[in-house]
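Reading through the structure tokens given below for one structure.
Labels A, B, C and D are assigned to the chains in the order they are written; within every chain, residues are numbered from 1.
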Amino acid sequence: MPPLISIDVLLIAACAWLAIGLAGMLAPRRLEFISKTLFPFGSVVSFIVGVTALFFLGDEPQATVLAIGLPTLPFHLRLDNLAAVFVLLLGFVSFGISVYAAGYFRKGEGAAPGLLCIEYHLFLASMLMVLLADDAYAFMVAWEGMALSSFLLVTTDHRHEAIRRAGYLYLLIAHVGAISILLSFGVMTGGAGDYTFAGMRAQELSPFWGSAAFLLALVGFGAKAGLVPVHVWLPEAHPAAPSPVSAMMSGIMLKTAIYGLLRVCFDLVGTTIWWWGVVAMAIGLVTALFGVLYSTVQSDMKRLLAYSSIENIGLLAVGIGLALLFHSFHMEILAALAMTAVFYHCLAHAGFKSLLFLCTGSVLHATHERSLGRLGGLIHRMPWVAWLALLGVIASAGLPPLSGFVSEWLLLQAFLFSPGLPHSWLNMIVPVAAAVIALVAAMAGFAMVKFHGIIFLGQMREPNLIHAHDAGPWERAGLVWLAVLTVLLGVLPSTLIGLIDGATQQLLGTGLAGRVAEHGWAMLAPISPDRASYMPMLFLATIATVLLLARWMVRRFYHGRTRRSDAWDCGYFFQGPRAQDTAEGFSQPIRRIFEPMFRMERHFPSIRDEQPYYSVKVEDHFWYWLYLPVARVADWVSGLIVRIQGGRIAIYLLYSFLTLLLLLLVARP
Amino acid sequence: MAELDIFVAMLAIPLVSGALLTVIGERKWAPNLNVIASGCTFFAAALLTADIITNGPRFAMGEQFFIDSMNVFFVTLTAFVGMTTSIFSGPYMKNEHEHGRLTVARLRLYKSMFQLFMFTMLVALTTNNMGILWVAMEAATLTTVLLVSLYRTPASLEAAWKYFILCGVGIAQALFGTILLYFAAERVLGETGNALLWTHLVEVRGELDPSIMVLSFIFLLVGYGTKVGLAPLHNWLPDAHAEGPTPVSAVLSGLLLNVALYAVLRSKVLADGAIGGDFAGNLMMGFGLLTLLMAAFFLGRQKDIKRMFAYSSIEHMGLITFAFGMGGAVANFAGLLHMTMHSLTKSAIFFAVGHATQKSGTQLMADIRGLVRINPVIGWGLMLGTLAILGMPPFGVFASEFMILTHAMKYHPWATPILLLALGVAFAQIFGKVQPMVFGETHAKRLPHAPAITPVFLHLAIVLMLGLWIPPYLTRWFQEAARMLG
Amino acid sequence: MISISGLLGQLFAIALALVLAPLLTGWVNQCRAVLQSRSAPPLLQPYFMLHKLFRKDVVMAHSASSLFRTAPFVIFGCMLLACAIIPSLSTDLPFAPAADMLALVGVFGLARIFISLAAMDIGTSFGSLGGRREMLIGFLAEPALLMVIFTTAMISQSTSVATIVETLAHRDFIIYPSLAFAGIAFTMISLAENARVPVDNPATHLELTMIHEAMILEYSGRHLALIEWAASLKLYAYSCLGLALFFPWGIAEKDNFLGLIGAIPLLLLKLGIGGFVLALIETVNAKMRIFRAPEFLGTAFLLAVLGLLVRLLLETRV
Amino acid sequence: MSAIIPLSAQLINLCASVILLLAFAMLAQRRVMQLINLFALQGLVLCLSTLIVAVTTGQHHLYYSAGLTLALKAILLPWILHRLVRKLYVKWDVESLVNVPTTMLVGVVLVMIAFNVAQPISLLSQTVSRGTLGIALAVVMLAFVMMITRTKAIPQVVGFLAMENGLFLAATSATYGMPMVVELGIALDVLVGVIILGVFFFQIRDQFDSLDISHMEKLKDG
């Protein structure tokens, strides 16, 4: 028997997930068994997957062919460094989510637990297969399996019309995207008909067809990732799903789309043309700006996070665009910098966004409320969740010393050293792009302060929030694990960059590991310390030291006496919870400054109103610019075509007759 | 000759049981007889298949019947779907009876006609004579006309009338085509009775006069194409599917369309040999694309669930016709695979739809809601079936669509956008309508007779398996059939 | 790796920052009073204030949470870290590699997030109003600051503060038009970030116009002292940063102890002038309506981007 | 092609022409009874023409075929139709969607098309009756037009049967008829079809109170 290699372990893991799912179907109503036995088992498998990828990183690719699939195209599987980075992400992040999920699912919420169990683990297994697939058919099967299982999870609580609509929109766009991906694969085979990835690599595409493949892939994977303008499903579907699923979709599934884009752009197409990078960058910037703007004005906590995911995907697209740009001009070191930023941001975002989504899950369980306008002050009732969410918030806002900052830092570094591109236009555009990124990063902070401040801080906006309870032990464990990931990613960038460098090297031929390793684990200096460096540990240590020292000194030399009293009311009598900023109020400046970006329906109270109220509804322009017109055109065409079926038999006979006549007169060999 | 006996048995069982059911179909155990007869037919077909796989093609009853690797596959499929449909129709028809929609006499008529219909289709599939093929097709029309009008409601009569007239006219054109084919063949083969035997025709197909064969193929295509449901000859199809009893819709979609397409394929092989070039293929591709596109846009305006799935059948027939039109080993393979998948999936969907409509007491989609809440199994059956028919992996429909698409991309790139547009539109429309039916809240009550769910999941399981793994012997079998189609 | 002299220099810089920061605030207040023909408070008034506040008991609202109590320390720590990184006297700072310019912006951002969250924690209308406005100013000022940094970083091909300062201090005398743009932008950003007229008024307690004060309304005692101290540290950090970027002459290099001694009076002089200029700006300008602030900062952002483009257009070919 | 056309061929051509003429007459006919009679007459002439071919060529199965035609198309089917019309009290008037002159004009154009389409093939035929292939096609097409333009169920069925006549003519003219087994099968199908239709008529009348198929336009999408 040959020794068990990593890819075998991963395959066994996928099968184990499937088996766990099926086991859930055996006793679909036994919640205790499913949540306390099967989900923990699943999380162990996740952990094994993560560890396997961790040990694999840097090794030679491993491939295998399964005896299933099409007769001409059996399932080819391959584990290389690119895939391994994402497998790592999948394993470790899903470990936390699964642990959390073990404590999350309750009785009487949505579907039967067994159903959830099989959908959930099918989702995991298909994501793993997406990463391992090495031919178009296996990839598409896994890809659509992923879409399908996540769709079913999204519509778990399908009694609500809105959730059904969200699921529909999601699956539809996913399917259209999948078609686009399939076309892209088709183009990449270059007419040779070899649909293995190896076959695609072997093809030399002309610039035209190469570009076609790239654009199709961008649309296809963009639809899954949530790039503008195919993002509309994301803010609907992510909030609709149960929170662990939202976490998995935002944290992991979106990254598989990034994986696919990287796979196509840097591995399969073979050539790179500089304007691809510009296109990816432009779309990424628009997406990031769009996502962050909309996330600031949301009043639903999960929608806010979903839009924030769109923003992060935009940043990733910018990074990919930058890497493409440098790669096309053979500036490999810089390309490696951008690529590392992309990988790092994938990992970072997976960690902190899952953490935040899980936090909303706990809040949801504790309060049964998603609307920010009805939350508040939960830090008093659920300190664990609040403080862990704060970590996620800081990371998500891209602030040191946590994970989000490292990737943004790397990305900005890549931007900063871009001059020297052979196009003067590009040299002009790149800094402007950097400016937009800076704006996006800063606004992400705004959105995150809103998220945390309104949910956890302040006074409770509703009286029943007083009964909220903190997360249970399983949930807490999952949250802590993800928080630990976020912190580790924040403070150990050099070590981790060394780990994922194999993937960068695989795609670009060069990596940063050598340079990074020179300065030890504590210091991150991807090019040289003179140019830029960052020591998160020292950073963290300084702040912590100052914090403790200051506290000690103040108490030592003065005292630590505290008294409680009412808040100062500024002379106003009424200072109840209703006087706090609402979610809408908090984002009012954004709505005002960026007014043209939103489609708003507002109702202002007037003096004469008996019961004055204010309301604002923010909608997406793309609905009205793109989707509704397309739907209308399709409907119009349908309206024309159905006239054929007018019900009159004579007319039907006439069709038949005319067809015959036409063929007799016209058809000639 | 044991094989011969099997073959005769396979044809005789439905014929005899059909006749028997006409007489004694009112007995209590008659539904069981129906199931048993169908089961025996399937068993015989399976034995026959095993025989053909081991011993190769053979004749039966002189040269009048010929079983080769292509039609034996259709025979098995037909017998299988016939069997599952009869299982399904047991409780379904009982429920219909209790709802007062069908009298005992009609149930008798249903059972006997169902068996006769199976008989005609098996004859059409196995006959070696292009004339008998025509006769069997016409007979299949006649039996199904009676099945479609089973409810005797104004709507079902209207549907049956349209079905009869349109398919009658269509099939008359096919007869003209057959006459022309005979005319062409007679000049080569002489005035023997063999001039319509397909095995003989195939051997001399290169010598058939091209100008006659052009006309002949046009007539055959328009004629049998009417039965396949090619646009713009499809108008009977949605009516007949929507107004007949659901088991009939299942066999119409799952089997009759296939058999009609099989007739077209047989004609195409001859036309290709005689005319050369891509004449027949191009015609079929044109029809296929037109059908696909039209059906996709029809889907959006449907209110009746069975009608919608009927249009979905039209759409898939368009896709299959397109695949066979492209020709070549891969496309033919994909076409055959897709026929199989479509038969299995669509009949499974109709089974689920049948129970769903019975539960809700309506075929209007707007009034069917929350199936998973009344009966999760049926709800999930419909959901999974729909996803499968829409080409979602890992179901087998995706496998064949994948092959068709990739082949089209390679040889006919211009057609890919049209294919994808149609598939995308179909997805949006069908899924958008099925989802609220399956999910959501409901107030429907349980039915007096528990639904037969085995057929639904049996079909879907096979489709799922074929999406992930096609057994090697099945592959060989498909490949051989695909090669025969040229 | 870290030399003793470097470490001493670092500690000295931190100590200097702690000492000088309130002094700078006092100096600015004094200049302002003189310019506005008021009688000035003593120069050391901020120290008295801090001492007084530290001695007092903390009065906290009932709804205050643990975050409310932690925030002042974190903010103070952030500002101190910023001061430790920015070269005021010497570029030989062992802490400098810990954070480059981008991380510096991050530090300010972290402090901002904490103060905003703390402001929202009590759940009064003023607190959340202040927090919201602070974030508004922040998300406009932060990218502008980054752009300024980019401009300087491009000149020196580095984002490390020390490297930038060394490069700029020892260049041949070339006029960089981009730096002019960047300088103006930086001044505008500093005004906004330090809650100065025309964006905010540190002396106001008129509820509807305040930003910084609105956020810290609920703080008292040692917490307020730390926040006030942190605010003056922030002013000091920005001043030093501005001086280091645009007037870097006189900052000592590595291993130049003499230079260090010479740098102290020079720094005091520069800070004195800077403080006076700040007071002057505050005197001649009127406070803007809060919704003019985005325009003000937008202008700063554009100027910074313009500076960057000018840098690319005019100076790369040199 | 020889200059002198043999007598048998002349007779066959004559019969074919009469069939075509009858097809036109059916197209123009406004009375349902007359329509059925014309159909019977067409069957008779068809039988005659088959008989002439049979006599000329000595093909045995053509005698059977002629007999079958006579029995089925000239006698049995018209009789069934007659009975149906009487039993169902069908109104005697036949309404047409398009007025008769227009229909005739269309018919003429169709005949030209049919001749043109059939001509190249009919030259290939070695039968005495080869010239009639075009006529057969024309008859099929005229019957088609008739089905399209008639609004009542019975005339539509007559049109359908007339189409079968055209096909039969084609079979005899091009190839001396199809193999016997096929012809029997076809005849059986037609017979069963008409019987089923007869049953249908009663049901339709019960449900719709009329055999006017314009009532049957409820199932539609457009």
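Operating definition for what follows: a contact is a pair of C-beta atoms (placed from the backbone, for glycine too) under 8 Å apart; a residue touches a chain by one contact, two chains touch by 3 or more.
The structure presented is a predicted model; accordingly, all values stated were derived computationally and were not measured.
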Set of chains adjacent to chain C and to chain D: A
Farthest-lying chain, centroid of Cα atoms versus that of chain A: D
Busiest interface, counted in C-beta pairs: A-C
Interchain centroid distance [CA atoms averaged], chain B/chain D, Å: 31
Centre distance in Å when chain B and chain C are each reduced to the mean of their C-alpha atoms: 78
Euclidean distance of C-alpha centroids - chain A vs chain D, Å: 70
Inter-centroid spacing, chain B versus chain A (mean Cα positions, whole Å): 44
Two or more partner chains touched - positions in chain B: 161-162, 165, 169, 173, 215, 238, 298, 301
Multi-partner residues of chain D (each touching 2 or more other chains): 117, 144, 147, 156, 213, 216-219, 221
Chain A residues counted as touching two or more neighbouring chains: 642, 644-645, 649, 653, 664
Chains that touch, pairwise: A-B, A-C, A-D, B-D
Chain C to chain A touching residues, read off their complex: 54-55, 57-67, 70, 73-74, 76-78, 80-81, 84, 95, 97-100, 102-103, 106-107, 109-110, 112-113, 116-117, 120-129, 131-133, 135-136, 138-143, 146-147, 150, 153-154, 157-160, 163, 207, 217-218, 221-222, 226, 291, 294, 301, 304-305, 308-309, 312-313, 316
For the chain A and chain C complex, residues of the former touching the latter: 376-377, 379-380, 383, 386-387, 390, 393-394, 397-400, 405, 409, 412-413, 416-417, 419, 427-428, 431-432, 434-435, 438-439, 441-443, 445-446, 448-450, 452-454, 457-459, 523, 525, 529-535, 538-539, 542-547, 550-551, 554, 557-570, 572, 575, 577, 579-581, 585-586, 588-590, 592-593
Touch list for chain A against partner chain B, complex: 67-72, 136-137, 140-145, 147-148, 155, 158-159, 161, 164, 167-168, 171-172, 175-176, 179, 182-183, 186-187, 189, 191, 193, 195, 634-635, 637-639, 641-642, 644-645, 649, 652-653, 655-656, 659-660, 663-664, 667-669
Complex interface listing, chain A residues touching chain D: 642-650, 653-654, 657, 661, 664-665
Residue numbers on chain B that touch chain A, as the complex places them: 161-162, 165-166, 169-170, 173, 210, 214-215, 218-219, 221-222, 226, 231-233, 235-236, 238, 275-277, 279, 283, 294, 297-301, 330, 370, 372, 387, 390, 392-394, 398-399, 402-403, 405-406, 409-410, 416, 420, 423-425, 427-428, 431-432, 435-436, 439-441, 467-470, 472, 475, 479
